[in-house]
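As structure tokens, the structure follows; a few thoughts come after it.
Order as written gives the chain letters A, B, C and D; numbering starts at 1 within each chain.
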């Protein structure tokens, strides 16, 4: 029941199976008069696209978005904005064996248990390709946020890839990099010291059919204050739901999160030392916000037939999806603020 | 906008300020014919109540729930079930100084920023007392789940209190304990070896006006399979939203979570070794599910006037609230399954 | 499932059975900083209250609303505002016979069929007493609308009582009357010529245990333009849902409605002659809006034991409920406009 | 904000402007395993399509639906089912003059007022072409209802066209006709005596650029009992919202509606004489249900350039749209019943 919708104000309705006719999204609630920025849409899709280097799945999708409704003269109409992407490189034969031998750790069998009838081709709707709809919607959410709160920025990078983690110093440097610079690092892991080792690890894993977990960091910079709706739509609660709805996620942290659990309170709350503590009482304070998400090792690695085309670590591909969800959360909370006061 | 509602099928509407006239909850969507179990409601409130020992805040509330609607002859009518609890021990003079000096780390000032007009008495609706509504609603959700899926159980305990953590062996023993036994441990931290040290730490913190973070574990045992609605209401996503809507939470983990991030995939997915991996593709598999939530040190510790009455660690008090939210998530997903198939 | 909620922005959650402990409403979405006007709340309840003259049901309720949450220093907090009214004059013995002999035309038996378990005391939640929650919520909606759109007014009156209808001239005069003057007419039927006849008809019907249908008119004066959200929340669609959710309603008309069906279009659309055509394309134009609702004869008339206490025509009592629903529709659509444009 | 969605359980998301790239609908909540019946989809579209005879607008659309997602091996997957229809015969030049001279009675100018930015081409989203999405969704709702409640049927016909109305006898005969027979009458007005006169009236109106109002009747036969969710989703309330969301509607009646207003109650409630009174207390009784909807004269008649292609009376075209909305209401209420009882 409407479990494919996200958001209360800028509401998105996602649809499509990975090997069906098309995937897409209906975006309802975009205020009228918003200028469409094709650059933001295409760059979001480009950054999501697998295959840009040897470390991510080799499938060349070349997905071209087609806008079906909601725009006129390059501006939003206040009507539902719909975008589809056609499935071209279906290659469902790759997945023919799935019915007999469900992939370990994959969703195929649980979908079958739940619905009785499911689509075995490439995971159907449980495929990672579903995130296309999110990335498209996120680009429109970003257009909205950039129009209403131009100073707000989102930056994400891999903080951990399997056994390799950024040092505290590398983390601080990464937090100040422009996005393009992070994209230039192998696996979007912005380490000057471990970069080569990570690349080696993943290239070898690709050959060996192995995979690794990891952790992503996402920074919301110059977020407006006052975002978050008590008590069930606290800002951290919305981010948690958004990120944990992405496949393969297994943890969510706010700020320093788990590292701070053993601290004594007066230390924890000392002002001026926590640069990323920007949520209090569930509401943004105006300071930068740090969100971290852990991902388990990808599951399709066990499928021998797919060796060489699988993702040895999902984190680099997940970053643009996390960014999209973060833009959607921000857009909803920013619109919600219009109703806070009389 | 309706940010005080939780759930799609068993929908709860929470209300009340900590020092207003009353708090309560409207529960809409309870199917007709469910027998009311007063024992479950009262025991949930008893377990939530602070003051049962020296380690939690000394306020003796003695909250008595009053049912206003929705029951007839001890059975649910299919109409909204409403419960209120009156605020008796208001003691708002304790909080008189707040307007001038907002408590460090507390929500008072961000609420003021957001709404322009806010209730300074004891945190108003940002107070921990708001969780009363959740615990009441959770008790009804539990009645529903126990009626429809009698074998399902929920167990929670403190896994970490400040610098003290359960050992792997203690964790496994705790996971098999009856709830009463866990409640008997100081701070609900079921350790035979660290128990006394934790008690000492917290008693001293109470005197010194200090506080500690910690981590809670919650186990869903014998959960039915097939729970979780792709793609935005995956079971893990709903749990994450539910738990991260609780005050002071800063992290959420599914299963072994962060400890598994550096593992290689074939190891991670080896069957038979992960007893708590019961969610796949966002859908429950029927295996036990382990959920972990981190809490930051409580903020009111800085308020000198409150020394001796504050909670030196929020985890013990948060456990019944986490259980309530978990019952609500399960109840919603169990009802949702009625619509999965034709 | 949440069928006791109304509204998307100013969302109300209604609860309570007619002979249970209490009835009430939670209002979520009221912006912070709205001044509470007790006069509007009490006058709305007074106008709803039966028993003010011989033509409406004799039960003297003297309902006193109690505000449980959402206000501080007489202003809304942006948190859920909750109001309850206690059931005092329960008199459920009057209804003892219902289980054996369901009232013709009444909802008792269909509720039993639907839910399996129902409350026979005075209709439980299918009783007209449920409208208390609506009238209370409507008063707060009115406070909001009067604050944001001070010129907007709502006026309602009985246009038809059984065989008696206002003349066109009487209708025009009524449309200009102050509300108090309409309340002073028997059965709120503002006719200088038929007033006495209507009074006689209803007094006799009360004695004889008879009842009559009728029609109500409601005018929205100086409504702001631009209200209505295409395509499923057109303003007329929201009004229709709101009014047809009231018991005993059997028809809804916009403007001249049915009288215009046989007209040719160029006549119908001639400008300047239709004073109440204020909705076009589902959106308000700024002109006055006329809404008409038909009510069937009340059903409890067949219950011999209730003769003398029943309502011989429901229309006079229904007017304040219609007004409440109209304020709620307006408040929601006015808040919605904040999101129309970038 | 999500005003383009309808339904709580079988939720539809409608999109598309009349002269944009495409229109369509996402249907979320269709249980898995429902067999797709192409015949029902195509016949619904055929019956909606204008141009099948001289009495309806001459535009030959030949709309072919394309299913993008949600089906596999001809059965629903439990995922969102998406259907689009491409706009081919755009002909927007016809509407070039609109910006300068908005059509009397049409929505163009109010949309402009509301959103600031609107699509002048053929009414954009305020065009009648928007109903394509409804008819498609309605066909799937019908598949669901026919699978779950095979005996339930829906029949609709024109009861009044301008000055011509069916006699009581003709009405009773029409109520027993198969749908094909009604479609064979000019303007779907099943009168043996007035049929020719109505045809003449409309043909002349087409030439003269005139238009007429009218009234549609819709019968729900063998509806299951127990449909309707108190208090705000009573069955009559849902039907009212659904029908009044259709363009040009100005009235809604349940059963004999307005004709019964002057009746005395004991007459009105006499059993056995009202064959179409199948809703009581807002809940279906299992008896047949009669719903009537009035339509104002179409507005585009004043546009001189469109003479000869306009609809002289909207009722015949509106019938398939009403049927679609009725199937959607039934499907939602039938699914909702799964949650009524424990």
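We adopt the following convention: contacts are C-beta pairs under 8 Å (C-beta built on N, C-alpha and C of every residue); 3 or more make two chains touch, one makes a residue touch a chain.
From a predicted model like this one, the values you see are computed outputs, not experimental measurements.
*Asks:* Counting C-beta pairs in contact, which chain pair has more, A-D or A-C?
*Replies:* A-D
*Asks:* Which whole number of Å gives the spacing of the CA centres of chain A and chain C?
*Replies:* One centre to the other, that is 47 Å.
*Asks:* When the centre of a chain is set as the mean of its C-alpha atoms, what distance in Å lies between chain A and chain B?
*Replies:* Chain A and chain B have C-alpha centres separated by 28 Å.
*Asks:* Report the inter-centroid distance (CA atoms only) between chain A and chain D in whole Å.
*Replies:* Here the centre of chain D sits 40 Å away from the centre of chain A.
*Asks:* Taking each residue of chain C in turn, which ones touch at least two of the other chains?
*Replies:* 1-5, 8-9, 14, 29, 32-33, 76, 78-79, 114-116, 125, 230, 339-341
*Asks:* Determine the shape of the graph in which chains are vertices and touching pairs are edges (line, ring, star, complete, other).
*Replies:* Graph shape, chains as nodes and touching pairs as edges: complete.
*Asks:* So in the complex, which bits of chain B are touching chain C?
*Replies:* Going by the criterion above, the answer is residues 1-5, 8-9, 11, 13-17, 20-24, 26, 28-29, 32-33, 66-73, 75-82, 84, 114-119, 121, 124-125.
*Asks:* Give every residue of chain C touching chain A within the complex, in rising order.
*Replies:* 9, 29, 31-34, 76, 78-79, 144, 147-148, 230, 335, 338-342
*Asks:* Which bits of chain C are touching chain D when the two form their complex?
*Replies:* Within the complex, chain C contacts chain D at residues 1-6, 8-9, 14, 104-111, 113-116, 125-126, 130, 160, 162-163, 205, 210-215, 225-226, 228-234, 236-241, 243-245, 247, 249-258, 260-266, 268-269, 271, 280-285, 294-299, 301-302, 336-337, 339-341.
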